[in-house]
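Two complexes, one shared chain (chain A), two partners (chain B, chain C).
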Partner chain A sequence: MFEMEELMTGTDAVAHAVRLVDVDVFAAYPIRPYTGVMDRLARFVANGQLDAEYIIADGEHSQFEIGKHASSVGARAFVGSSGTGWLYAMEAIGVTATDRLPVVALVGNRALDDPGAFGVEHNDALLVRDLGWLIAWASTAQEALDNTLIAYRVGEDPRVRMPVAIAMDGGYLTHSEHLVKVPSKEAVKKFLPPYSLGDRVLHPDNPISIAPQANEDWVMEIRRQNYEAAKRSRGVIIDAYREYESVLGIHYDNPFIEELDVEDADVVLIGMGSASVVARSVVREMRNEGKRVGYLKLRWYRPFPSEEIRKSLKNVRSVGILDRNFAMGAPDNQAITSHDIKSSLYESTNHPIVTDFIAGLGGREISRKEIRKMFNLMESGRTEKVYWIGVRE
Partner chain B sequence: MTEQRARNDDEFKDAGLYKGVHSVDLEEFYTSGHRTCQGCESALVMRGFAKVAGSRTVVTGATGCMYVANTSYMTTPWIVPWMHTQLAAGGASAVGMAAGIKALQRKGKIPKEKINVINFSGDLGAGDEGLGGISGALQTPYDLLIVIYDNESAANTDIQASGLTTWGAQTTFTPSGSKERIMQKRWKKNIAAMMAIGHPNVKYVATACATFPATDYLNKVKKALAAGGPTLLHTIDPCPKGWDYHPRYSNILGELAVKTGIFADYEIINGRVKYTYDLRKRERLPVKKYLEKQGRFSHFAEEDYDYVQSMVDEMWEEWELPGILPIKGGLSVERE
Partner chain C sequence: MSLDTNDLIRLEVNYRGIFQKTLAKHISTDVVYVAHSEGKTAFSNGRYSDDPQRNGVPCANFAYISKSLSEEDLEAEASAAMDIKEAELVIVLDDTMVKGLEPWGHYGIRPINEKVISGGTILFVSSRTPAELSKLFERKSFSYRIATIRGEASFSGLWYFRDDMTDVRVLGAIAKLNPGIASIESVLSYVKSKYKSDQKVEAARTAFEEVTVAEVTPEEGIVWPYPKPVLPGWKEFEEGTVVRAVKRGFSLGPRGQNRNTDFKRGTNRTQRPVVRFDICTKCTLCWASCPDEAFDPTKEGYYDVNYEYCTGCGRCADVCPVDDCIVMVNEMNLTSNESFYNQYLKNPSSYVEEIESIKGKERTIPEHITGKGNIVKRVEKPKAFKEVR
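So, the complex of A and B:
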């Protein structure tokens, strides 16, 4: 069932997944910190471990357009970028979604320019949250590999047909090594059916016109179809994890979120990505001290797990959001994740206090001490709606 | 010279070139359903490449008149499979399709056969925003054809100047005013030659006019598709709306663009230049004959005609390769 278990970086884990799904076309353009995945894939091609068309693009806009159009002729495609490169591709990112083409892209989260910074910030991936991309967030290399395999299955499912972004913290996950179980090709074949666009494929045997000028006559119906697909993706994701477990024995309690001691917690911190590793360890430590704290990690950002969040937080008094992003001038000056959490909680019977912690921007480390500080502020009753943690005032 | 020409034609002896208008295929792959203006030559460019390429073809069209006016939902004129691509994505769209098809055929996921991969992009899309992407496409090993249809403006957005608009032309971005008679002060980019010179691996680059000389454009499409690897065509397309003339004169203007030499008509086949209409050997008509028939030049003073004429003269008389290589004074390399 498994080919190997090895220490590898987050980007290498994704590269293995891309190799295992037998991707047909991938296009590369360099930018830290996602690039490692392309370096690795190039080596797979050079060594005959992957049979794919490999294109070194002239820029991220072309890179993502290449992925989109390869996908339109029925080829399984992979692309990726980070930070400002991801923004450079933005137009192509938009149409990949509106054309409903299930390209999978790695976004190695990176601070947006200016000023230059290689480190993680989540704004790049979050900018596409409403465009029609599904977004999975990895916090370990194993999760990155699993997410990628699952992404192809979910995105290509005829009920969904949407592109999927694999978000991953730059540096902390792209470049750190974890022990990863790499499935065998046979197992992946069992899990992932061949990619078929059916009667939407662009091929001489299927002479269709894709994305003609529609205007107000039809755009609303087309948006609605996309909206329904995004809604359906929830069920398809649940099925995919079930199948993933039955083929590979890799178990996730819940596809969308991961809870640590949330059930009987008074205060809960919510976050995603690599900071979860630190947060979880602080929660364990504080539990040993008798504190009723918990941590909730988001694994999928689109579709957003509102139901899970309501259920998970139904008895919680105070919620903190670990926001590794900024949202200038946003409601209550809180950052992006808070708004999605708060709007989910509006439909809940329980309305905990929500405090936003903006931290770790530009790749700044989020320390155990700082996580503790967040819990302490939540426990003792906060005086502000937003705290910038770890910033020089 | 004659020996070289014979060699050039020989290369395409299997391409089934048309010999006269009566040998042109009747079947169309771009038909009714579009709503381009009467007299639109860009539409003829579409019709021509689709006819030549035939049914085993996939096409992408960049945003522009040939997207918006061509493919209203449910009334597509395309018999061949067609997909929209973004204004600057012409090159990448062709690469994506060609790479996808190649991988799927090699892996046995779809049957092996020759499928023509064609993108068309306008002068703004290809000549400005999408230049880098087309350069990228021309560096790939894939069989693909980029057709730059040049109506000399961003026609779809109401006729704005592009990098390929003729000097002096009035457009909505370059209106003639009481202080500035000439607002369009950029000289037309030498797009086809730029691409040919910059990408020495490319086997076929040509310029063309859809209607003159008859069948020439169609045969150039045939050659481009037969040449192998990435290829490029640049057509000059009279546009009644943007150039401001009666639709009945489109073909005449196309012919004049070639005969006045303002648009150099040539092929570059494996690095060898072949002038389709060689104005080094024929009489060149005065450029004014072409310009004065178009409302976009109605503000021209005599000195403006003279200026354009002087630039065209320089191109044909002083350039090392007229229309292609603006190096003057011979190619001898100075030695220290």
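So, the complex of A and C:
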């Protein structure tokens, strides 16, 4: 079922997933941390381990256009970028979603320029949260591989047909080495059906036109189709995880979120990405001290797991959001994840206090000590709605 | 009850950007595999801020090993930070880094032994003696050990890896210096299974047996001359990501030009160009070709290298049309970054005599500089000093 267990970086893990799904076309333009994937994929092609068209684009915009077009003719496609490169591709990213083409893209989270910075910030991936992309966040290299395999299955499902972004923290996850179990090609073949757009495929034998100009008498209906597909993706994701477990034996308690000691917790921190590893370690430590704390990790950000969050937080008194992003001038000056969590909680019977912790921007470390500080503030002594943790005063 | 990190072993691998990238990665990855083979938890990462690497820039990889911590706790403890604060074992793959490390701007020039803890060890791949190296360390308040395995720094290019067994030799030495990371038996069986080569196993075993170890006492070393920058708080600098230009300054003579004091890059250097001003024809090619604008024009029309800024790329020596006028010399053969032109002016003939004695008979421009193989030239009798009027 598994071909090997090897020490590899997060970007290597994603490259293995791309090899295993046997992509037909992938396009690349270098930007750290995404570059790690293209390096590894180039090696797979050179070594004959992957038979694919590897197209070096002249920039991220072309790169994402190549992915979109390849996908429209029935080729399984992979693209990706980071930070400012992701922004440069934004127009292509938009139309990939509205054309409902199931490209899978890695967004190796990187700060948005300026200043020219390489470290992790989640704003790049979060910019596409409302455009018709599904987004899955990884906190370990293994999860990055799993997410990528599952992303192809979910995105390509005829009930969905949406592009999927695999978000992964630059540096912390893309560039550190972890042991990863790599499934065999046969197992992946069993899990992932061949890519087919059915009669939507752009082919001389199937003459169609896509992406036409449409007036106000059409656009709203087209949006509504997309909206329904995003709603349907929830069920497809649940199916995919069930199938993933039955083929590969890899179990996830819940596809959308990951809870650690949340059930009887008084105080819960919510976050995503590699800081989850630190937060979970601190929760275990504080539990040993008798503190009723918990950590809730978001795995899928689109579709946003509102129901799961309401259920998970139904008895919690105080909630903290670990926001590795910025939202200048946003409601209550809190950052992005806070708003999605608070919106979800508005429909809940329980309305915990919500504190936003802006931390780790531009790759700044989020230490155990700082996570502890967040829990202590949530437990008692909170005087502000937002705290900047780790900024030089 | 807080997390017990008593048995955590932290390893720092210092290496030259690009030239030793693959070598360093071999070492940090192999350490993790060997520790795993003993049932320990281990994990490694590269310092993210070093990428994309520039030729010769001081870079670092890290590995963390623990007997008791779970994988996730080890990661929480170790991987949250992108730079290491302390290390039980520091490895240095090029001894010229003993002169200081300045990996990026506003970092300062930091001592190679900065991270070593009390009782810890710093290991060099070097043909120098431990005493020759430790006299350049920053003085510390405690004792620790210095170790060496004999050899010149192993350099490769961006696209290839020169397999001269430095990686397995370092693994052998690690087993000797910190058996808590891995025993020599585990190292040998790992090397055997990875390479299927008895020669490599032998190289690791020999390094294990022959590593030289000495004590570094609190009095040893120097008072570190370079300050560690204190970065400003968010209210203390300009808004809008403005970087003010270096104040213009241009006058003829050594140090006559103003340069960026926040990022000097002289610590990238493994070799430095040494100029024979007496035979220089003032053709300007060195000055014009220097990618780092490290030459100061002098009143007399010569070009003096500012060694604080010279990255040792070798371009000037490559373009210099006069035989033996600019020669690259191993950085360890020289101590001062002061102006050589000033020394020349003081006493031209003794300057020439001194630099010729340092240069030695063999002048090698290594492959990583020429891009077309090592260029070695043997000079039995250097050009005699030429009186200049």
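Going forward, the second predicted complex is superposed on the first by the 392 of 393 C-alpha atoms of A that agree within 3 Å, B and C clash if a C-alpha of one lies under 4 Å from a C-alpha of the other, contacts with A are read in each partner's own complex, and residues count from 1 in each chain.
Here, contacts are C-beta pairs under 8 Å (C-beta built on N, C-alpha and C of every residue); 3 or more make two chains touch, one makes a residue touch a chain.
Here the structure is a predicted model, which means the values were calculated and not measured.
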Exercise. Fit or clash for chain B plus chain C once both are placed on chain A?
Worked result: fit
Problem set entry | Residue contacts on chain A - larger count, chain B or chain C | B
Exercise. Given the touch rule stated above, what does A:S367 touch, chain B (first), chain C (second), both, or neither?
Worked result: second
For this session: Go through the superposed model and pick first if A:R392 touches only chain B, second if only chain C, both, or neither.
Result: second
Exercise. So, A:P212: does it touch chain B (first), chain C (second), both, or neither?
Worked result: first
Exercise. Can A:L7 be said to touch chain B (first), chain C (second), both, or neither?
Worked result: second
Seminar exercise, completed: Rounded to the nearest 10, the angle in degrees at the CA centre of chain A toward chain B and chain C equals 90
Exercise. Looking at the overlay, does A:G170 come into contact with chain B only (first), chain C only (second), both, or neither?
Worked result: second
For this session: Name the contact category of A:G59: first (chain B only), second (chain C only), both, or neither.
Result: first
For this session: Give me, in Å and rounded to a whole number, the least C-alpha distance separating chain B from chain C in the superposition.
Result: 18
Exercise. In their shared complex, at which residues does chain A touch chain C?
Worked result: 7, 32-33, 35, 114-115, 118-119, 170-172, 175-179, 274-275, 277-278, 280-282, 284-285, 288-289, 363, 365-368, 391-393
Problem set entry | chain A-touching residues of chain C, taken from the complex the two chains share | 1-3, 28-29, 32-33, 36, 43-46, 48-49, 51-52, 72-73, 75-77, 79-82, 231-235, 241
Seminar exercise, completed: Residue positions on chain B within touch of chain A in the complex are 55-58, 60, 67-68, 71-74, 76, 78-86, 88-89, 91-97, 99-104, 106-107, 109-110, 115, 132-133, 135-136, 139-140
Problem set entry | chain A residues touching chain B - in the complex, by the definition given at the top | 22, 24-25, 27, 51-53, 55, 57-59, 61-63, 65-75, 77, 91-92, 95, 194, 202-204, 206-215, 217-218
